[in-house]
Amino acid sequence: MFNNAERAQTLVEALPYIQKFYGKVVVVKYGGNAMTSHELFDAVMEDLILLRLVGIPVVLVHGGGPEIDAMLTRLGMESRFVNGLRYTDRETMEIVQSVLCGKVNKDLVATLTRLGASAVGLCGIDGELFRAVKYGGGELGYVGEITRVNPGIVLRAIDAGRIPVIATVALGEDEDTAYNVNADTAAAKLAIALGAEKLILLTNTRGVLRVFGDEDTLIPQITLAQIPELQEQNIIAGGMIPKVECCRDAIDGGVRRTHILDGRVPHSILIEMLTDSGNGTMIYDN
Amino acid sequence: MFNNAERAQTLVEALPYIQKFYGKVVVVKYGGNAMTSHELFDAVMEDLILLRLVGIPVVLVHGGGPEIDAMLTRLGMESRFVNGLRYTDRETMEIVQSVLCGKVNKDLVATLTRLGASAVGLCGIDGELFRAVKYGGGELGYVGEITRVNPGIVLRAIDAGRIPVIATVALGEDEDTAYNVNADTAAAKLAIALGAEKLILLTNTRGVLRVFGDEDTLIPQITLAQIPELQEQNIIAGGMIPKVECCRDAIDGGVRRTHILDGRVPHSILIEMLTDSGNGTMIYDN
Amino acid sequence: MFNNAERAQTLVEALPYIQKFYGKVVVVKYGGNAMTSHELFDAVMEDLILLRLVGIPVVLVHGGGPEIDAMLTRLGMESRFVNGLRYTDRETMEIVQSVLCGKVNKDLVATLTRLGASAVGLCGIDGELFRAVKYGGGELGYVGEITRVNPGIVLRAIDAGRIPVIATVALGEDEDTAYNVNADTAAAKLAIALGAEKLILLTNTRGVLRVFGDEDTLIPQITLAQIPELQEQNIIAGGMIPKVECCRDAIDGGVRRTHILDGRVPHSILIEMLTDSGNGTMIYDN
Amino acid sequence: MFNNAERAQTLVEALPYIQKFYGKVVVVKYGGNAMTSHELFDAVMEDLILLRLVGIPVVLVHGGGPEIDAMLTRLGMESRFVNGLRYTDRETMEIVQSVLCGKVNKDLVATLTRLGASAVGLCGIDGELFRAVKYGGGELGYVGEITRVNPGIVLRAIDAGRIPVIATVALGEDEDTAYNVNADTAAAKLAIALGAEKLILLTNTRGVLRVFGDEDTLIPQITLAQIPELQEQNIIAGGMIPKVECCRDAIDGGVRRTHILDGRVPHSILIEMLTDSGNGTMIYDN
Amino acid sequence: MFNNAERAQTLVEALPYIQKFYGKVVVVKYGGNAMTSHELFDAVMEDLILLRLVGIPVVLVHGGGPEIDAMLTRLGMESRFVNGLRYTDRETMEIVQSVLCGKVNKDLVATLTRLGASAVGLCGIDGELFRAVKYGGGELGYVGEITRVNPGIVLRAIDAGRIPVIATVALGEDEDTAYNVNADTAAAKLAIALGAEKLILLTNTRGVLRVFGDEDTLIPQITLAQIPELQEQNIIAGGMIPKVECCRDAIDGGVRRTHILDGRVPHSILIEMLTDSGNGTMIYDN
Amino acid sequence: MFNNAERAQTLVEALPYIQKFYGKVVVVKYGGNAMTSHELFDAVMEDLILLRLVGIPVVLVHGGGPEIDAMLTRLGMESRFVNGLRYTDRETMEIVQSVLCGKVNKDLVATLTRLGASAVGLCGIDGELFRAVKYGGGELGYVGEITRVNPGIVLRAIDAGRIPVIATVALGEDEDTAYNVNADTAAAKLAIALGAEKLILLTNTRGVLRVFGDEDTLIPQITLAQIPELQEQNIIAGGMIPKVECCRDAIDGGVRRTHILDGRVPHSILIEMLTDSGNGTMIYDN
């Protein structure tokens, strides 16, 4: 009986948060290393389904680096790097497209379905969701930079009560070539185009740390105004730099709140959204 | 952190129940003595709001005996009884209508609003929701028996995302007289007309007890087929008889599950609907 | 035959007026002494129904002073006055709410239904229609001043072809307390929120009279610009002052025409709206 | 004042009739000699507009014999008769089509518009409203017999709030030839296809008379069962025979009430529909 | 087989043109001498139907000079001319209305129906499509100048998938008189009101010719800027002047492209719209 | 000029076919060897787009055997056969899913987009379009047999004006495993679920041949009743057997016409659908 009372209490405490986010779109970027644990994976999927069911539309944007690497290795295709970024020739791009849109994307849809949601797997080619041109001077091959987002196909899926799952492959502006685009950036641009309330980047760290490697030094909130200083102090550094910039761009484009969450904590999305405990680092404009 | 994990777990455990009841109407009858504790009162209201927010439309049907009695006493109007049932003359009926439709009903709407819901208070006169004739041979005065239910006005309120709160006063078939109708019966008839999934009668007992007065002898489930025998054995007895009959009629009319719940347990509706712990007595057809 | 021709003529003469007001909302304030004659009462109800049927949506706003007084007297509750205005303590407010929302309101709905309309009884608590704070310094107790009008619930009832009947009790801004609000003011504010074409205040006088007590000195039309002078001349005086101010506020808020009509003349609303004979005093901006 | 009260009374008396016919389609056949007086003409148009405004959709079906005759005479085209019916050769049919669809029809639309309605003039060719084959053995030339009614184009005009005005020219089944069809019959078939409540044939007699030529012997009501006997007794005779048969066919096809009204009485449609005085002869099934 | 391949090729070549014009309204003015050949007539109708079927809504505006002249001659009514324009007295106007709205208009509808389309014949009186006042000082009698276009009735016909066929008779502003209006002008004004993509004037010349009478000197394209010079050079001369001015006005009002096409070439509309061969003279703004 | 006339003629000849199929769904199965020529490929895509544009919704179902084989060979994965059918272990299934859903499917969407259509790539996992169980006794591994089709996601794409492109991978009934399903069968089942007018199987033969290898002996039409005899005579033999059975099943399920077309003929779909030349073998019920 006691246990039941506690459970009921938890549900009731979620009430004001559900009211707050009701009907507002949340874009979740999930991928890479954060996706590897099987148990955590199911926990993330359950979070998405719960949000959708209580009336908060979610969109899942994913990458799939480890699965792509595995396939390239099996095929004996070695990766060449230009200024630290992977060069993607046409043959590599074909593998990227197959694995991301055909394997990772549809597996996510299958899992969401098994857990009781209605989902649909799309990529940037479908309905011209993402249009792109070659990134930079083209020295990275088929790595693209998103030029336009046509969110109609995603909005229709949301209206139909589905969870759209988006693989970050884009359609070239001039021909029917596919481009590999950065998943964090794609998630941010999609969040803007959807007028999203929130952008959540699931990572495998606790968030932005004041002291490198010391998870007890998590900075729970950063305003846009604090970013330059934190960059100068090298606190926002390494892989965190592009993530923070994605968040900043999303906020500049109208997204209200952005979060860098720890994908290793089970149900970190629910804890962030439906309890009074924050989680990870929130980046926002005040 | 641990605490958060537990909370998240509870939310996730609610998932299959939310999925199961999504979009299905639940009619809750609440009233009389079960309504007296202020704290429990708020807990019931929170349960209704939470269900509504997670996509389960709820309709609240209420009586208001104690508040009516208090007013009659203040006015020095004594109650006459016929075969143990209160005789309602025209003057008494006017007080019943004032208190039920004007006081109790609107107070419930105010509370639901304070807690964050959108609600509307209606009675059987509005939109001709309940039509009635004199009960029996009319020897109880303005006590009515429901003849027709026109659920349109309630359905529209549900569609608008509101919680309809229904006072059990009905409009006479032949003139514009109001009749006092039994709240349990009205809830059952409304549940049928709405094609409800569930009818919940909140009472101030644990449910049907095998041994009178011993709450440890709760019978958690009763099928329609078992009712006659339980009545013969005097296990279904006294005030439980009409409640069980309401449940039976509701099921005969197409309602899938009916529950006699203990209104004294905080959040007993949530516990019943969103956890794997049952609660009170469920009456159903197998 | 001749009689029929006359009747047909009357109907045909109504044609341009029906065309003029088709689909435009008319708010009618009715209450107090104007409500006392039973025959006149039915005549007012018939007018409302006829307007609704020919495509002119009507909203009925009512007070209920006499019925409230009667109940307070029966309960031995005496009214205390502050600067000539009735002080409403919590206990009195409960009686006001019961009688207005439970008795007067639902009786009006019942009568409209008996005469063939579809109606719904609401008060300012339902759907948060009227929000209020304590009037003035709070020296009148639970007398409120309307701060916000959320007309959604009334608009939906209109769309469903119903006549909304509104009891002038409001919901407090900060808690779930009910406030008694002035019915003329509430009608004016609702007319503004609905973008109404007309506000009609039914009274028990002929309108604004040039000579006090002499009904032959009716002033049929007053422009906003004439009001200050008429007030100085004491022609707009006594109980007429707040009524004229309601009309002025309504017009300032976008209502096109306001009328102070004589509720003692049978069908004065129809005569005003569907014939070429004016009636009472029209206050407007030119 | 007295006069106003009478007027209001008339409007209020119309109330139950408006309620009864609200939203139900009324098809009015008007034409030939009943159309000649200019004043009566406007009175008929006003009746139609008033019905439309109070929510009763009307459809006007018209012939135009006198105007056709006038044009044929001007052109020196003589009419040949076969068994008492006018033979219509191709050249005559062209004149019929021009005058009916181009002159009479559009003049009716112009008048309805001048009086404040929104109207549209159509004929049986538009949207394939009426399909026809040659009448009988074809010995009457381009006189047609309606084979199919496609009421879609009329229903859409009704939905748009317009009064459809229908010229009784039909499109041949096999080629794109136009046929002249009987206006009473066309009105009856259209009433059936529209699921109309009423078919009204405006004529220039009082209705069916028991004694030929004596208008005081009007038979106000005839049931289907009485028709054969009245035909045997020669009471239904001459031009009344096809009119009564149209009414009978309409009722057999589902129209609830049919009326042969006196088009010479101003506003006879309003008197019939919105007062308690009958008018002309009603033919119905009991 | 070869022949089939060619056919398929033609269909495929039409693809980009269909894509370009999909859902965009095209107004075609057709009339007078261009309407005389029976074979060409069917070819024009087929073009309209094909455009409609591939998703390009077409509106047909027509005059009917030759048929009107024939009828006036038969009636012995001589035409008087004022400054080279035909004077239209009331009697003549009645003939114009009858022939245009009743004969030519409905014959076009019948032909379109025979060829498989759904069509509806309307004139400027229906739904007050065209309102007009007397042209100039009224010295031409019932010749009108369009003052307002209410395209609602045409838009609804388009939405219902029909081809609206419009006779160019307008309703007077002040009374219910009909006016004869210039068909080219009416087509241009309707094209503007509909936000049309294209206005096509079908004539019986090849287009604007550089050398009078020499069809090999067709000028395929004229920009607005070139018109004044071409007028000064007398290249745009005679009957071409008002046609070019209609085109110019249409473009000023927002129509994108206007065409003066040769109605004597079979399927000249299709050739213009669905192949890469231009046809006639296009007038546009660059 | 002459050439244009011919082109216009071809377009006009397509008119009755467009009318016939307007708004009716056509399912096209395309894949395997028929997909290999680049030019033919574009011709097929153009056919689909043209049909869609003229109002005939098309759905493209594809396989992708050659691309799967190529990838398996690159990975050194050899195919094992059971009774002549390829055994699909889990590892192979992952490659099938990647290539079909990620590569072939999205490439088709990209090409349709380049040619001007709006398209979306889906597989049987999305929206639970295809549910399946293990084929036969499971001796083929992850080869599935379709148990249910939920066409909602395809219908919504059609409603949005898109061309749905469907990869024939299905979701297991019990777990979230993907199954490889036969593309012809999937197309037939989808055609049934969509209530399609036509199922077209594009192959690399002329159709059913009376004499093996002799394309001059094409049988243009086969009724359901003739199938058993043609099977006995070994005329329907080899790979033609399952194709003919798919057609038969589709017709049994309500599809009106099925076609085995020669994918090597450019625009064979257009020739079949929009000209009077048949093409390949039509299988139907008479």
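Note that the chains take the letters A, B, C, D, E and F in the order they are written out, and that residue 1 is the start of every chain.
The rule is short, and it goes like this: contacts are C-beta pairs under 8 Å (C-beta built on N, C-alpha and C of every residue); 3 or more make two chains touch, one makes a residue touch a chain.
Here the structure is a predicted model, which is why all the values come from computation and not from measurement.
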Contacting chain A as well as chain F are chains none
Could you tell me which of A-B, C-D or D-E has an interface matching A-F, in the sense that over half of the contact pairs are shared by residue number?
-> D-E
Could you grab the centroid distance between chain A and chain D? Build each centroid from C-alpha atoms only and quote it in angstrom.
-> 69
Distance between chain centroids, defined by C-alpha means - chain B, chain C (Å) | 35
Rounded to the nearest whole Å, what is the centre-to-centre distance of chain E and chain F, using the mean of the C-alpha atoms as each centre?
-> 45
How far is the middle of chain B from the middle of chain F, if each middle is the mean of its Cα atoms, in Å?
-> 56
Mark out which residues of chain F touch at least two other chains, giving numbers and ranges.
-> none
Head round the ring from chain B, going the chain C way, and note every chain as it comes up.
-> B, C, D, E, F, A
Which residues of chain E touch chain F in the complex?
-> 1, 4-16, 18-19, 22, 43, 46-47, 49-50, 53-55, 116, 265-267, 270-271, 274-275, 277, 279
Taking the complex as given, what residues does chain A use to touch chain F?
-> 71, 74-75, 94, 97-103, 105-107, 109-111, 113-114, 118-123, 125-128, 152-153, 156, 160, 162, 167, 169, 171, 175-178
